[in-house]
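The structure follows.
By letter and in written order, the chains are A, B and C; residue numbering begins at 1 in each of them.
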Amino acid sequence: MSTGAGVALEFRSTGRRFGAVVALADATLTVGAGEALLILGPNGAGKSTLLRLAAGLTRPTSGQVLVDGIDLRGTRAGRARAAIGFLGHRSFLYEHLTAKENLELYAHLYGVAGDTGALAERWLAKIGMARVAQRTVRGFSRGMMQRLALARALQHEPRLVLLDEPTTGLDPEGRARLDALLDEQRARGATLAMISHRAEAALPRADRVLVLNRGRIAALGPAAERDAAGWTALVAAAGTAPGAAA
Amino acid sequence: MSERTSSALGRPAAIACGALFLAGALLLLWGAMLYAPTEKVMGDVQRIFYFHVPSAANAMLGFVLAGVAGLAYLATRRSGWDEIGRAAVETGTLWATIVLVTGPIWARSAWGTWWTWEPRLTTSLITWLIFLGAMLVRKVSHNAEQSARLASVIAIVGVLNLPVVYLSVHWWRGNHPMIFKRGAEGALAPEMWTAFVAGMIGVTLMHVALLYAAWRTAQLEDAVSARERLAEHEENGR
Amino acid sequence: MSAGAAHGAGGVARAASALFAADLRRELRTGEALVPMLMFAMIVLVVAGVTFNLPEMGPDDRRRLAPGILWTAIAFAMLVGQARALLVDRDEERWQGLLLSPLDRTALFAVKWLEGLLLGLAVELLLVPLTVVFFDLPPGLHWGQLALALLLGTGGLAALGTLLGSLTTSLGRGEAMLSILVLPVASPILIAGSMTTAKLLAGGTLADASPWPAVLLATLGLNLALGALLFESVLVE
């Protein structure tokens, strides 16, 4: 359900090669402001590369990536990065700082104005970690790290939220909190791009689905076009027959 | 997949490369061994100079080329530039090694010592160490993209620091006698000058042949590793 | 609290100082960079003292030896400290977190450089008096000028250490690899640092040591510029 208020993320013939391996080939894609995009595909299809390109953590070797209309390699890239909230495979957290100190540090890095301490406390409550606010992150479980990393990625209210397998390490309660947070992001109008290997769980919150295979866009369409089993079958088909697009 | 997986060096290219190298070597040997007169004071050992100095110049040529290719790689991220940079670091290091071997041989007979902290020899040693580091980084990295990127950075840092290394080593050794290089250049006999030019051209021809071979090898290495990675990639994809 | 507020001029300073404060807090809690640096610097002095058989040496010989030992100790301590400090940020891919943030990459380099410089200066605070004592050097020298020379030289070493340390860090390598990469390139700094220090220990001034203080300044400028320009290429794949 694109609001049509503009384009949040745009790939213009974007490609990324690592040496001679093509991780992403000539992808052209626009994600509208407020839209939720679910990214599916077999392992090694280029999903993480696509998301890292969108976050500016990987440079394209051809084409451009624009966030809010700003080229991520241009001189105003910092402004675009401020609008991004990214959760990858690692937490980016500082082990020797407390949970609260971690959130405050990242709030400062993102130029969040106002009381960062109060903001951190609000978020720690939201992810159910108020009790451990003053504990150093060293020794946190995988699930706790993932929750805190989620708060780290979302607390500056990014307009573009990029999540790579966000359910990793989360228990059922954590997953419920994640779902609530995702609804909240959508309610405030954020754009969402999410990688998941569990189509059935993620599909209800998606407007469109992108299927990648071998660095190419194998399918892109409204989420409602198929049910979860249908999309999963499509991913499986893409994995076996190169170029089998819908 | 890569377009240039065709064959090894390619027969015509291999023959041309070998011929060029041979021609360069013969020109160098002719100038140094046959044409140049025997130096009065130092004797035949002085002939090493026709090999030593062109080697130093070609080492520098290789390193400057590596720096330029490094810059171009970082700007464009095309592996073609990295292949040039890789070849240039290898050949540059080879010539620098020759400088470090011929220098002491010369020094032993001219000055009676294997090593002196003569400015040019010292800068050659430091330069050699810098670019060995660039080669080492490639050995350590398991990732072609990272290895290219990091080696490019080292090549740039190394090349841009060379003038400072050169100047500071010269100032450091200050007014110590520099034997023949500064004083004797004007005093070179015309035949010696001709032999020197022949050596310069000869070594440069050898360098071009080596550079081409190393460059093609780098291309083939990339093509092979691309195939391997692609196979891995496809296996993971299943 | 606007969504994704971009940095103004003051914002960059606030973000940079927050990062600096976080790194400082970690260092104060763990001492993981400074403690090995101090130990290492002292050990170099002691090893030099016994291997060069200092007690048998006349005052002139000791004074001639001291600058080289001092700068060797500084260089190796810097390598140990920076390798540590930068390698720590490899855990949980914190470098990526920093690159992801709107903080300008040049500012990121500047913060890490400043941290390296301060670690080096902290070590020198102990190392220089200790050298004077161990080598029984005449205490009457231009201390302010020596401090300036140390600042310039350490700044240059820190710039190389930050750039190449982030490089060896991304390779997952530590001090040995960093030494191999930094020391040859740092040779002008080490030559100029020793020559300047030698003049100052002989009771001279920076002006007497010319051109070496200028070399220190030039290498500082060059390596800072290289670091600022190349830092992003080292870290962003």
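The rule is simple: contacts are C-beta pairs under 8 Å (C-beta built on N, C-alpha and C of every residue); 3 or more make two chains touch, one makes a residue touch a chain.
It should be emphasised that the depicted structure is a prediction, and the values quoted were computed from it without experimental measurement.
**Student:** What is the chain whose Cα centroid lies farthest from the Cα centroid of chain C?
**Tutor:** Chain centre farthest from chain C's centre: A.
**Student:** Report which interface contains more C-beta contacts, comparing A-C against A-B.
**Tutor:** Of A-C and A-B, more C-beta pairs in contact link A-C.
**Student:** So, comparing each chain's Cα centre against the centre of all protein Cα atoms, which one is closest?
**Tutor:** Answer by centroid distance: C.
**Student:** Taking each chain's centre as the mean position of its Cα atoms, how many Å separate chain B from chain C?
**Tutor:** 32
**Student:** Let me have the rounded angstrom distance from the C-alpha centre of chain A over to the C-alpha centre of chain C, please.
**Tutor:** 38
**Student:** Rounded to the nearest whole Å, what is the centre-to-centre distance of chain A and chain B, using the mean of the C-alpha atoms as each centre?
**Tutor:** 47
**Student:** Where does chain B touch two or more other chains at once, residue-wise?
**Tutor:** 145
**Student:** I need the residues of chain C touching at least two other chains; which ones are they?
**Tutor:** 237
**Student:** Identify all positions of chain A at which a residue touches two or more other chains, and write them in rising order.
**Tutor:** 18, 59
**Student:** Would you mind writing out the residues of chain C in touch with chain A in their complex?
**Tutor:** Touch residues, chain C against chain A: 1-8, 11, 14-15, 18-19, 22, 25-26, 29-30, 91-94, 96-104, 236-237.
**Student:** What residues on chain B touch chain A, complex-wise?
**Tutor:** 1-2, 77-79, 143-145, 148, 222-223, 225-226, 229-230, 233-234, 236-238
**Student:** Which of the residues in chain B end up touching chain C in this complex?
**Tutor:** So the residues of chain B touching chain C come out as 74, 126-127, 129-130, 132-133, 136-137, 140-141, 145-146, 149-150, 152-154, 156-158, 160-161, 164-165, 167-169, 171-172.
**Student:** For a test of understanding, state which residues of chain A touch chain B in their complex under the given definition.
**Tutor:** 17-21, 42-45, 59, 61, 213-214, 239-240
**Student:** For the complex, which residues does chain A have touching chain C?
**Tutor:** The contact residues of chain A facing chain C are 18, 55-59, 78-79, 81-84, 86, 88-97, 101, 104-106, 108-114, 119, 145, 152, 156-159, 190.
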